[in-house]
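Next come two complexes built around subunit A: one with subunit B, the other with subunit C.
And now, the complex of A and B:
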């Protein structure tokens, strides 16, 4: 090939017989597994009984209303949203500290990241909940929150925080998740800042910008662009990780599911359904973030 | 010199930490939780889902024996009741961390538990029964047959049936699950010979699956238990109040009547938890 000819056109992507055979084999395996499960498992399937806990028919109003599992899903979403906000704040502060010259700040942030990354989430959450968050909330007086007060008794509060009676419980969950996920966000932020070339710092300093200005106007905008895609991935991880706070009795989707499965004894329907709910939730966010990213890439050009 | 200093610093740190631990674990004052409840106007009850003690009806509301008990208790105190559903394995730490005032959770009195929490006098007496797989254990003659290394038993982790299984059938291998439902499923699948649980859960499950399960030991209880309210230590006033509430409601027959309603069979309340059946 001589160097003046145009590059060869990319090969058309199409399925060859080999690919079709592979897909067929995978499908056959899935079907066989499903068949085997039914043969091995002694179980009476009863989907309506569990689906009733997602939406139930209310004979009084003649409409379908949300039930336990949907409330759980709403709590999971709230946990994920607040958890992300807090984890981002923690992550940006700690992530910046990871890159500064001050040794104390670097030691602090490094210890935080290493501590959390090297303890199993289950262990961390149990310790955090009983030793730390149980000291904070009573001290703040959250346990005696007036449920009928004007600050609490409105729809906005209900949308943002859910049932006021469970507020301190919910906040404990948010705090646990944020502390936990914050460590990973810290590393994402650190990587983002460090990915901006050293030359950018030097050039910005050379034209006389102060350190704050360099960071705010030169480094952060560039770092942010690098940070956003992994941050989106972290958000989806956080939705999934929120299931571990069911251990400390936060009334989210997984906790609601344990209650439903032990009441109805319909274990498999419950967990398959809950698995599907998590999947739909996470995958729709993945699609949304993918779309946002493509849009951002287009507008940048 | 430097080493000495750092040792000194460490000793101080340890002393500070120890004194703060002591400060947090010792009762803050002589105040009884009763006063907190009355001041708050709300009794916070820790419980865990467990048929038919506490379960979810079709509308997602809590119903069951201990729900009735705690509701009446709050009514008699003139306060509202708030249920705090808690994972069973964390219910005692949650009580100690003041997440709620009292455990009304069908908790059996055991000496080990009593070392960390205080118990009232019992408000219910239940036995533990065993449901077994017909195919695997159908020809077992008596309980001694289950004490064999080839036998697998399933039970709920952290609950008294697991302790009982260990004690009665030391040779059998025991599989612990987080939840009753999983233990029962393991038996139904034929992966375990039998499961022990508080009555009447095994009876209800056998009723639902008569072709694969049967009641071991002819349905007789393997042991009997006393269930009581659990309270934080160092609060004699609350202990006295709750115990006497139980005494009053035992004498007037209310507890027995309510217990019979939930435990003597599912017919009275089956419609509340199972649609389309």
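And now, the complex of A and C:
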């Protein structure tokens, strides 16, 4: 056996008295919490009131329709999707710049990464949001977007971008998140490119490929295999980080939860429910990506 | 072979090449530096133009009292400095608790105990799959009233539990990085579990644990900004209050960002210098 192999995995044991004591302690904690809530705080639980904000019964059509929290969830997913796409674009450009000889590009990408990674996301988003709403959007002319136009008024647009009336609000969130996550994607891409052996560069140059072709046909396909798994993880991180943009009034799940908790005053139910929604969402994505990765690894063999 | 000119050896070739490339290198460096300066001047100009176009009345002359004031020859720290100290204090307390949580969780996951592994896994997955902001709201709006915790401590506990999950993975990785023979050796000389970890395993895993753990503590300073949402007094909260008072949004945000940047960058440079000296002494 290899001398440097990790320590042996602990043998599986059955429940010991210590385990039973620990479980009993946890159970006691749960009971004590329940006692504090019901007897000391005298909290009146009202789950239907809050669940009503997930699915609402519409008496006119006689069907259940999505309500505030589900709309928020959809916006969160859209934010994460477009944020990842945009962050990947930023990350590929900046990550490539991190590896080039050109000093200017290296300084630019390095300062971008260090700047973003060393200030709190909250502070960055506050500053950047001011900048977006005062500079970029007037320049893009988004505020006078025609909500009735054929480009906007169709179901595909609604699926991809949500309510046209909230488009500039949504895009502000996407831009903030993408700028922020882009720094992390940059490092993922840089690591992926640098993980491709030097020999690959040299061989590709030796057979006479131009720099662009080397990058496109030789380096990137190999780097992509190293980039994809952490990028999938970054997508989950983005779902979580997107909760921060609720503070600049982007109407995603956390923002909806704040509204629901203040209108219903059922604070406990709302936050427990929203926490559970995020958990289910992120955990299922984590399981899905883990499964895909294992399958890809198996097919490569 | 007489009469023939001696072929240059590879070493000669390399030397000639280097002499040529030195001159070229210097030229390239100069042009690159010039290019870099040009780009940054351009960027600065664009930002300045943007600010001018916004008609924003910069009032930098008003920011000095944010840091300190001298009243009757006595130095009084301003809100930003007090906020920074509060942030560091918050991060320090949360960091200590996070490391404790990390050690307990790591050992629980590595142990043979069923309950330990189940609880540790539940904790890690719960923290990993929910946003920090939602965790903060859960701590502040749900747990704090139930157990009667004040806002300062609910902020600290939330941060500690959040960072503790990362610390747990770092510590577990470090402990598992110790070679198998060390465990067997410790067992062979008859050490108990506690002594085995105390004298053999932990000391050897520390070089693997410490660098990422310091990185974690630095990012804790950054993450602590989020507790401004529940109005715990710290740097970001001080910034928000100043903006509410003075309406100088950009000046204050730039100062706050600059303070965070200064603290985290200084700390990371210190850590990397320390790490380098550690590696040098090992070699």
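Things worth noting here:
In the analysis below, the second predicted complex is superposed on the first by the 257 of 301 C-alpha atoms of A that agree within 3 Å, B and C clash if a C-alpha of one lies under 4 Å from a C-alpha of the other, contacts with A are read in each partner's own complex, and residues count from 1 in each chain.
Just so it is clear, a residue touches a chain if its C-beta (ideal position, glycine included) is under 8 Å from a C-beta of that chain, and two chains touch if they have at least 3 such contacts.
In this text the structure is predicted, and so the values were computed from the model without any measurement.
By the touch criterion defined above, A:261 reaches both subunit B and subunit C. When the two complexes are overlaid on their common chain A, residue A:48 makes contact with subunit B while staying clear of subunit C. In the superposition on chain A, A:243 makes contact with subunit C only, while subunit B stays out of contact range. The larger set of touched subunit A residues comes from C, when the choice is between subunit B and subunit C.
Of the two partner chains placed by the overlay, neither subunit B nor subunit C lies in contact with A:206. When the two structures are aligned on the shared chain, A:275 is found in touch with subunit C, with no touch to subunit B.
Once the two complexes are laid over each other on the shared chain, residue contacts for A:39 go to neither subunit B nor subunit C. Within the superposed three-chain model, A:134 lies in touch with subunit B and with subunit C [touch as defined at top]. By the touch criterion stated above, A:156 is placed in contact with neither subunit B nor subunit C. 41, 126, 130, 134-135, 246-247, 261, 267 are the residues of subunit A that lie in the contact sets of both subunit B and subunit C, per the superposition on chain A. Of all the residues in subunit A, the ones that touch subunit B in their complex are 40-44, 46, 48-49, 52-53, 56, 67-68, 71, 126, 129-130, 134-135, 138, 144, 165, 169, 246-249, 251, 255, 258-265, 267. If you check the complex, the residues on subunit C that touch subunit A are 29, 32-33, 35-36, 39-40, 50, 53-54, 110-116, 119, 125-126, 128-135, 137-138, 141-142, 145-147, 176-181, 183, 222-226, 228-229, 236, 239, 249-250, 253-254, 256-257, 260-261, 264-265, 268. Contacts from subunit A toward subunit C in the complex involve residues 1-8, 10-16, 18-20, 22-23, 26, 33, 36-37, 41, 102-104, 107-108, 114-115, 118-124, 126-127, 130-131, 134-135, 236, 239-244, 246-247, 254, 257, 261, 267-268, 271-272, 274-275, 278-279, 282-283, 286.
Touching subunit A in their complex are the following residues of subunit B: 24, 40, 49-51, 55-56, 58-60, 82, 84-87, 90, 93-94, 97-99, 178-182, 184-185, 188-190, 205, 208-209, 212, 273-277.
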